[in-house]
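Chain nomenclature is as follows: A, B, C and D, assigned in order of appearance, with residue numbering initiated at 1 for each chain independently.
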Amino acid sequence: MNFSSDTSAPAHPAVLEALAGVNNGMQPSYGADEVTARLRNELTRVLETDDFDFWLCASGTAANALALSCFCPPMGAVLCHDEAHIARDERSAPEFFTGGGKLQLLPGEGAQIDETALREALAGIKPDFVHETPAHVLSLTNLTESGTAYPAGRVKHFSALAKDAGLMVHLDGARFANALVSTGASPAEMSWKARVDVLTLGLTKTGAMGCEIIILFGSARQKFNELKARAKRSGHMPPKMRYLAAQAIAMFADDRWLALATNANQRAREISNLLCRDGQTELVHPVEGNEIFVRLSESNLRALTDAGATFYPWIGGSHRLVTSWSTPAGTVERLSDLLA
Amino acid sequence: MNFSSDTSAPAHPAVLEALAGVNNGMQPSYGADEVTARLRNELTRVLETDDFDFWLCASGTAANALALSCFCPPMGAVLCHDEAHIARDERSAPEFFTGGGKLQLLPGEGAQIDETALREALAGIKPDFVHETPAHVLSLTNLTESGTAYPAGRVKHFSALAKDAGLMVHLDGARFANALVSTGASPAEMSWKARVDVLTLGLTKTGAMGCEIIILFGSARQKFNELKARAKRSGHMPPKMRYLAAQAIAMFADDRWLALATNANQRAREISNLLCRDGQTELVHPVEGNEIFVRLSESNLRALTDAGATFYPWIGGSHRLVTSWSTPAGTVERLSDLLA
Amino acid sequence: MNFSSDTSAPAHPAVLEALAGVNNGMQPSYGADEVTARLRNELTRVLETDDFDFWLCASGTAANALALSCFCPPMGAVLCHDEAHIARDERSAPEFFTGGGKLQLLPGEGAQIDETALREALAGIKPDFVHETPAHVLSLTNLTESGTAYPAGRVKHFSALAKDAGLMVHLDGARFANALVSTGASPAEMSWKARVDVLTLGLTKTGAMGCEIIILFGSARQKFNELKARAKRSGHMPPKMRYLAAQAIAMFADDRWLALATNANQRAREISNLLCRDGQTELVHPVEGNEIFVRLSESNLRALTDAGATFYPWIGGSHRLVTSWSTPAGTVERLSDLLA
Amino acid sequence: MNFSSDTSAPAHPAVLEALAGVNNGMQPSYGADEVTARLRNELTRVLETDDFDFWLCASGTAANALALSCFCPPMGAVLCHDEAHIARDERSAPEFFTGGGKLQLLPGEGAQIDETALREALAGIKPDFVHETPAHVLSLTNLTESGTAYPAGRVKHFSALAKDAGLMVHLDGARFANALVSTGASPAEMSWKARVDVLTLGLTKTGAMGCEIIILFGSARQKFNELKARAKRSGHMPPKMRYLAAQAIAMFADDRWLALATNANQRAREISNLLCRDGQTELVHPVEGNEIFVRLSESNLRALTDAGATFYPWIGGSHRLVTSWSTPAGTVERLSDLLA
């Protein structure tokens, strides 16, 4: 029973089959190949628009930092949640890629930005006041870092507030599929229809080997050449791009990515229900995706530990358990027996 | 007949088999997995030492820039050939990763640094003269950007000169295997025995899907933690590292990487011989690896073009043809007929 | 009645006399002149040690950012108060000079860091955990951004905590003289005796034309060559350095800087007493230097406004009034009449 | 006899009088003062246009790097002469301020860019080829680093070539007055009329204490807010700006700057004539400003050394002698006796 992270899961077999499927013949390097061209078609279908440009890279940190660096200048700031992955877990990648820009941290329950705090931050921007660092981008994460999901309507509402203040909107979708499945929103509804300008659509945690997509929508497409130049100079222009594109195609085929996220979310819900059965274990945040943040009762903690389950201690004595596409139904059964 | 680039070749089937072979079960993320641990053993065998640390990433630009940034401070410079890949083809990645360091360009035939120019540059370093940017690193490329090979003795000689002046030595080994096969040097002889401090050992062009290894030797290992931090913040810490490690293991197994490079080099030699048969086609540089830089006769150019061969025009009216592990012997035969 | 800022005050006449006094003959450039050498002697007297190196520059932002960049690497962080000048008012200069380092913001009353928060932040540093950005420096400001003064003992206590956690200690002394006068500490007691590693000693607000001194103490002196290189490449190596040094000499002569700060502090105390006489005006922070943060009664606000006094509105409906070396006793008398 | 550098000269007395003249009363900080406003009027007269914006700073390195950083993005390059001050003597300040941009070095006699090399470099720019770093700015220096002067017509011609290729044009005018006096061009003719977009007009070497002006012309003014933000975050927004503005006003009054440069240039001409009288001493470059690059005869070298004259050895066994506004006619007479 390994609940350490969805990044510890293997890739879905279909992903490996897809790699083998494109492993023949010469193909132009750096994204000019026909597999990457096919991915564009798949994305058009998935996103219900062709008003986008995209780039592929192999880590979420790269995808986020590249996306932000196209819209936040060195003397600007990014508004994000205090617990955002870009603020806590990326070793100052945004500061590096933007050339010394800043993150301006906002509070809020469940790693969701508090609306009042957002409104105040937006109202406080003085673009012409040279001493302060004005925000240029609002960055949201969905699924959030606490495993909760912003409904598409809330993303759209926050986007509208940000845009009225002249900001661009970035969505960190490292667990985008989990958020879609959780809220019932379509990819379009959770991105460009919610006025998101740039989406980092993660597939690695969902079941790929290593594949993240940066997607620019509408007017943000003006930055596509800059994005490519920034990708190149940061080493995120893999020569044999077809192998990234093939992963994404395999994930989107038959909406496999959503099916895999559905499994992960459902296991998380089942496991959290099992854990809470004893009336003493308490959820720290509602389980709206594939992550469980929980204050375990002593007996539950002991039972899990004794069974050799893997999971991380979290802040304030809580714990985090993560499920993935590969968490089998059998694990829930075993756990049910264990905790009984 | 596609001679555009070795980055356009597919991956060797053994690489894909290796990916499938490690695609089961949970593994710790970010390099703590057992596949990466196995790679360490393979590298120890290949390099004939265990006095090294290594990191994996997916592009040569990333590998070079990360390596350089550990040894060249923002107010320092890197000595390299005027035609070095880091100077010409990486969109100022070294300047970005070092935080604004400089490249100091040196001349030399066949993309090999001229010894006199190197000695003058080294003699001119004034570390305490605050106005100038002193060199901290010498970066060599082998196979060079002109397809020639430095013998291991020459690398060692240049390293000694650089070290006497207080510099560290970096070797850009995007086509390391081709250089080894060409010169007959062992990996050890061409790296740590030649006093190289940090090697970027490329496997992508040799036949992997996307896998470059940064290797720190001896005292350079002190920078390993810094290297990891820099990899993290530049997005070069892929969560599912096992899939990078597996590629490298497959390449090193049974010295496959050397066998593949042998094929590429041999095809290049055969093709260049065919091209020169007409007495009018001239090599711009000796063919010492898998790249041919050539001034084609009109008839040869026409024959190739008519046959739909793919290759790039190069500077001064010359052309570049590149072979790879996947260039079949049949191609040489076809070409022989074509040019007859 | 201009209470806008101490940066709006002129220079003390002695400063201009000092400039004229060194304005003859040729002098080596970039700090090798004899005036700068004389300043070293003055500083040795003032600081009661000769175990230091120093550099001169013309803005406090430059002094702070240069100081921090010598001790915080691009992948590191600086602990500072949430309201610190380096965090709020320097347009991300620390992020720029460190090459993308981070500020980690701590809470606390009166712009003084809360000890518990500091201890937690220090305890939370995981230098080997590659995903997070570990703090390398603690930066304190004295006089603080709220006009309060840390006693030397508190600086020393915080330094000790920081050093136990492996951090270096920076003191932003833009209003250092005001803090000394306020607390009765000597320059030595408030800097190296309090285990401060690097002090930015500001003289501009105290009465110079434009002169800030970066001082490295003890083991921090190892970074002096790096500091000079960073100063050079950021344009903070003024060729005719003697004119910066002369200003500092004039300020230290006869402890003029302390006398000027004494005047500024005393005027602030007198004015705040006058303002509070009506029983309705309330200080937001204790007045421990030359800055008054105050919630003015309606009648006081009207009286000041009607008299054409200049001062800034501050957060939450409060106001800030700043005195300087040039605020005459007469201003207090006029104000007394006005508010009567 | 001190010929070490014009940066070793004192300030002209009128500059110090001007400082004293503005040293009274409160003035808004950071450039909003009335002295800086007066300077704008002076500049309008001097430049014969009001279609400009300007910023003041205290070092030429800062002025150049700030100017370049507004027009060259992190993934772009600046074309300049191989011996340009920005390339040789600024410790990679341009790379730092641009966030990792590149300098692309061009050859040419007398530190003047060779037109053929310029045309080739411009023709070689491939803005859409993501692997290379395309030039965005052409930077010229006048007076050049070899003491020669570009005529205004040549600057205009090079500007036209650059603009046809989509570049902006920067002029490093650390010795702008010397170039004007030498060529007879007006400030307007040598800047905006020659299609220069951004001029760094140096006054420090001409006779100020420390004052350089960055001037944006015409469409380049769109970058003025960005310039201020970059100045702020690099510590080049001195709070008491009036003291910089006063220096510039004093220099422009009665065209003092040109008179001072006239003296410097004339002394250089006289001294170079004296040195060459022996028929054995040879000029390395024509003396077109206040710098003499010369291969001294043995007897001249001995005579100067014995007399205790100060000057620097230069490349290839040559020497550099620099005059300034403060080099008296008496020095020439003394030298004449000495060398007789």
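In the analysis below, a contact is a pair of C-beta atoms (placed from the backbone, for glycine too) under 8 Å apart; a residue touches a chain by one contact, two chains touch by 3 or more.
None of the values given here were measured: they were computed from a predicted structure.
Relative to chain B, the most remote chain by averaged C-alpha coordinates is C.
Judged by contacting C-beta pairs, the busier of the interfaces B-D and A-D is B-D. Centre to centre, using the average C-alpha position, chain C and chain D are separated by 34 Å. Centre-to-centre separation of chain A and chain D, using mean CA positions: 50 Å. With centres set at the average Cα position, the gap from chain B to chain D is 42 Å. Shared interface positions of chain B, defined as residues touching 2 or more other chains, are 30, 74-75, 90-92, 96, 99-100, 130-131, 229, 232-233, 237. Contact topology of the protein chains: fully connected, every pair of chains touching. Taken together, the chain A residues at the contact with chain B in this complex read 2, 4-5, 7-11, 13, 16, 19-20, 22-30, 57-63, 65-66, 90-93, 96, 204-205, 209-210, 229, 232-240, 243, 310, 326. Across the interface of their complex, chain A is touched by residues 30, 73-75, 99-100, 128, 130-131, 225-226, 228-230, 232-233, 237 of chain D. Only residues 74-75, 77, 88-92, 95-96, 98-103, 105, 130-133 of chain B touch chain D when the two sit together in their complex.
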